[in-house]
Amino acid sequence: MTIRLNGDPYEIEGPLTIATLLAHLKIDPRLVAVEHNIEVVKRHRYETTMVNEGDEVEIVNFVGGG
Amino acid sequence: MTIRLNGDPYEIEGPLTIATLLAHLKIDPRLVAVEHNIEVVKRHRYETTMVNEGDEVEIVNFVGGG
Amino acid sequence: MTIRLNGDPYEIEGPLTIATLLAHLKIDPRLVAVEHNIEVVKRHRYETTMVNEGDEVEIVNFVGGG
Amino acid sequence: MTIRLNGDPYEIEGPLTIATLLAHLKIDPRLVAVEHNIEVVKRHRYETTMVNEGDEVEIVNFVGGG
Amino acid sequence: MNSDPLVIAGRTFGSRLVVGTGKYPSHAVMADAHVASGADMVTVAVRRVNLTDRSKESLLDYIDRDRIFILPNTAGCYTAEDAIRTARLGREVGLSNWVKLEVIGDEQTLFPDNIALLEATRVLVREGFVVLPYTNDDPVICRKLEEAGAAAVMPLGAPIGSGLGIQNPNNIRIIKAQARVPVIVDAGVGTASDAAIAMELGADGVLMNTAIALATDPVAMATAMKLAVEAGRLAFRAGRIPMRLYASPSSPVEGLVTASTP
Amino acid sequence: MNSDPLVIAGRTFGSRLVVGTGKYPSHAVMADAHVASGADMVTVAVRRVNLTDRSKESLLDYIDRDRIFILPNTAGCYTAEDAIRTARLGREVGLSNWVKLEVIGDEQTLFPDNIALLEATRVLVREGFVVLPYTNDDPVICRKLEEAGAAAVMPLGAPIGSGLGIQNPNNIRIIKAQARVPVIVDAGVGTASDAAIAMELGADGVLMNTAIALATDPVAMATAMKLAVEAGRLAFRAGRIPMRLYASPSSPVEGLVTASTP
Amino acid sequence: MNSDPLVIAGRTFGSRLVVGTGKYPSHAVMADAHVASGADMVTVAVRRVNLTDRSKESLLDYIDRDRIFILPNTAGCYTAEDAIRTARLGREVGLSNWVKLEVIGDEQTLFPDNIALLEATRVLVREGFVVLPYTNDDPVICRKLEEAGAAAVMPLGAPIGSGLGIQNPNNIRIIKAQARVPVIVDAGVGTASDAAIAMELGADGVLMNTAIALATDPVAMATAMKLAVEAGRLAFRAGRIPMRLYASPSSPVEGLVTASTP
Amino acid sequence: MNSDPLVIAGRTFGSRLVVGTGKYPSHAVMADAHVASGADMVTVAVRRVNLTDRSKESLLDYIDRDRIFILPNTAGCYTAEDAIRTARLGREVGLSNWVKLEVIGDEQTLFPDNIALLEATRVLVREGFVVLPYTNDDPVICRKLEEAGAAAVMPLGAPIGSGLGIQNPNNIRIIKAQARVPVIVDAGVGTASDAAIAMELGADGVLMNTAIALATDPVAMATAMKLAVEAGRLAFRAGRIPMRLYASPSSPVEGLVTASTP
């Protein structure tokens, strides 16, 4: 299926959970934050939040800034 | 009757028009503006606007300012 | 003979007076000043001041400055 | 005799040496400097320098300044 | 005939100096100062008629309205509502539908409440006023006021009556660079050079009251301000020399009648 | 008729602005700028006549000597001897026994060598010159120059041609407070407000060259400087308002048609 | 043990200097500069994870979180919505419910949009954030932010990254005089003296990034800033001498061994 | 161990701050302030011993001469002769052949008489003194003093005790650029940032008395000055960022989780 990931189209087998998506992307769930369709996803919901065709997912972390 | 004129209670025979009130106060209607119960009164309405018991009237002009 | 004129060697028939030198140089005596061997020459002395071999002569005028 | 000490007349038995004068004044010779008739007196000369009637003596030390 | 006039909302002013009418020793001195200043726009406050003492001569008797345009202000208003109400009354007096819009946000500094100011600007523009808002030296709020339909923006140079001069020249320069309406520096001028500096920064005009009215000699100071505004404007247009840390000789370095060299 | 003229060594000048004659795009532009500046004293340099090219038109053809007084200078001289020699030649040209005395002490800053300057001042005063020394903003050297017979003192505002403006206003104020001869701020002015500031500090006049000559539009800048000097002088005499950190309302705080209070 | 700590929202900081994490030559240099600065709070931006290049080492690996508190910011947001959304994500990373709230109103100056900023502050305070808003040097908006529940106000000294220093010292002084929450001067510092000046004006702290990160030697500049903030704070508390136009001798005027008198 | 010491006439000082010994509330407070300042050179005045009251404790009892070098000064002298005479007496006390040479030229400003100063410098250098002349911010006189053998030049920042701060930063910068001996800014500092600015201009050190001695809390101010001098020196060496009129973002402009664009 195709989702919108960090602003770009992204092909992946799905539906899948946020947890699975992060694992697939090799992203350590600690020290990132995830938005699913404009809603922040609490960390304890990663296992239960399903990402479906066309969903928007944002994964952010901290970078240098002032 | 008693009206509120420029913020203070004012005793006067009434009801009366704005025009009569100004004449009574010896105020030249040109170069002042009048508010009747928080509404600006156009000059051509001075003859027809009645001031009644308890009404609020404000009469203003220009003073030095910066 | 050779004189030093405004800092440079200058060949000219001589001895001659300052007046003759100025005339030879087509310089209007008014609005210039003349130094002869480091001494200012008053204008009324132009006729009588002789310039000889090896003498130093400076002729100056006003230029733009601030 | 009378000398001029630090700008003022001063009565004292004399002639006497700078050393004796300092002792008389209870001034520790270290950390002061002495002028005798406008001439600085080296410390090793205190014993031998005589102060006579009418001489000028200045005794200075360090004070707070900036 | 002025080849470089100030144009606000289609109206042309011969002078880039706008002056006030408050705090003068007398109406007569004010009238003389107005003439000396060359201003053709003056600002006035809207206040209750004095009912107890009718003798009081009218301010307007001392303003040559054939030559001078009247700009009512909303000085002293602390809410959008009061400013709007005062603006409407000022217009009703019948001399001008322009308003120098002030909504004060702080009593100590008399700095504007820019949020209420923006709100009042929107309302009054809708009602057909020509709105000249007094604001602070913030390019962002100036742009919002412009978008709301302000006919000019009037950033302050320093607190009203402080005489401190332009406290933040860069902000005035930036506001001017971004604005598409005239920029009038309003408040803070203390002496002539302050007015010249405002104009050299690119301002289209300067508005002042206290610097003239409370000077020891208001009429002389009014003349000084007239000249300073013209001087600053001319200097701005004439293209000043660049600044350099070291010197550059004004006289030729050749042709000296001397042996010496530095 | 000027009620507040500049008087130096008994000579009266209608303008407090003294300008130069160097660095202009052309003699013609200079002449126009001189008129626009209103100056009635201009300074000129003394240099060797150009022998190779006699065609070169004379500077003096472009100076209206009926209206403008000529002030020869010793720019470019690095010793008292050279300055004295140059001053004598300048006088011999026959237009003036005045001299703008410069003895430069440093090529980068063109700051004066005040020791040589003082020495040259003494010599030239003895020879009957009216000496106007260019010095730095040091009240002590200014007093020594005055005691040596200088007809005025001319402290610099900033390096010649730098356009930095008055770098040390307090020193200019102090020099003026102590001087018994006129104080002319010479050098450093970059734009109109700088000239106004010099005058507001109490200076009796301002001398400038580069700020006008090298402006994009020298004639417009000359006009700006004329106005700025007048503005600064008037403001100085008019008595400016004091500075205050906080605001002071220009409009009455009573009689507002509003419920709101701050 | 610091006897004069900075306390914000009940949290105590040993240092009054808050630094950024952007623009450093490397993460390693940043870490050294953080140590040199003595800061115990640093601000970080919230951005999309780089999906294409996972190798990229994490910023957080270079911040000693035992010693340094993380302050997420909303830099780059131009609307209240974006700033709120970014703040929520920053909190969800799980290190802090504090936010350095930026809502930019202009791309050239990066000045804040104070109206949107105030709106975002209200929303985030309601959601339990500790909000530190970056605003401009306007006492009125600072008071509104405080009333909206901001834990501190952070007026700018000059445009972000400009290095111009405090452009309007009076406004900072006034903001501090009126504020009941800490005042942190955020942005505009270029060198050590700028930081000292901010503290001498009474600011409770200073936040900077570019001045350290882009200095030729960031670690040395970080040390300089640490010392300057401490110096400025101490000087503010020590009670400086008043300014006077003239001199006052430091040494006794009596007891001189000299005839001479001035 | 200080890797960036101040070296004058071959002698190494750990601190770039030189302080005075006058005007303190008490000798005890002075001693504490000296320790807090970290200074290892202090200046003292030479005055007549008090003959009437011998009880008066000695200043030197309060100066740790193992740690602090004594710099006698000629404060209060108005002629070269008096300054030379005072310097000789100061040396004879036996603690130092160095002298902070002052020849005052004006009682109101305490500005130096540079001509007499130069003369006295020549004499004392010939007599083997290490001469540190207090002068004004004139690069030309500083060069002459250096050529006369001064071990350092000490230009003033502002009048002694005025607390005005560095009045003419460009002159200090130019003096430093031209000097081959250390440049110590002497006089004029009022608060910590002034000292930092002096060092950022490139000065090798700062000498002050009143700013510390007359602060409400002299010991705290001494600490502030110590830190400020170090901060300014470090910032000078660290290479500050350039100034720019507009902003430069500190956080990345990519990777924002937002639709909005400016």
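The letters A, B, C, D, E, F, G and H name the chains in turn, as written, and every chain counts its residues from 1.
Methods note: contacts are C-beta pairs under 8 Å (C-beta built on N, C-alpha and C of every residue); 3 or more make two chains touch, one makes a residue touch a chain.
Please read all numbers here as calculations on a predicted model, not as lab measurements.
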Any chain in contact with chain C as well as chain E: F
Shared interface partners, meaning chains that touch chain A and chain G: H
Chain separated most widely from chain G, comparing mean CA positions: C
Result of counting contacting C-beta pairs for C-F and F-H, higher pair: C-F
Mean-CA-position distance for chain E and chain B (Å): 33
Whole-Å separation of chain centres (CA-atom averages), chain F against chain G: 45
Chain D and chain E, separation of their C-alpha mean positions in angstrom: 72
Numbers and ranges of chain C residues touching at least 2 other chains: 35, 58, 60, 63-66
Per-residue multi-chain contacts in chain E, two or more chains: 20, 22-23, 45-48, 73, 75, 85, 89, 106, 108-109, 111, 160-161, 164, 170, 174, 209-210, 213, 245-246, 250-252, 255, 257
Pairs of chains found to touch, sorted by chain label: A-G, A-H, B-E, B-F, C-E, C-F, D-G, D-H, E-F, E-G, E-H, F-G, F-H, G-H
Residues of chain H defined as touching chain E within the complex: 170, 173-174, 245-246
Complex contacts: residues of chain E adjacent to chain G: 105-106, 108-109, 111-115, 118, 136, 138-141, 143-144, 158, 164, 167-168, 170-171, 174, 178
Chain F residues touching chain E - in the complex, by the definition given at the top: 20, 22-23, 45-48, 50, 73, 75-79, 81-82, 85-86, 89, 104, 106-111, 159-164, 190-193, 195-197, 200, 209-211, 213-218, 220-221, 223-228, 230-232, 234-235, 237-262
Residues of chain H that touch chain D when the two form their complex: 20-24, 27, 30, 43-49, 51, 54, 58-60, 70, 72-73, 75, 85, 88-95, 160, 208-210, 213
Complex interface listing, chain E residues touching chain C: 250-252, 255, 257
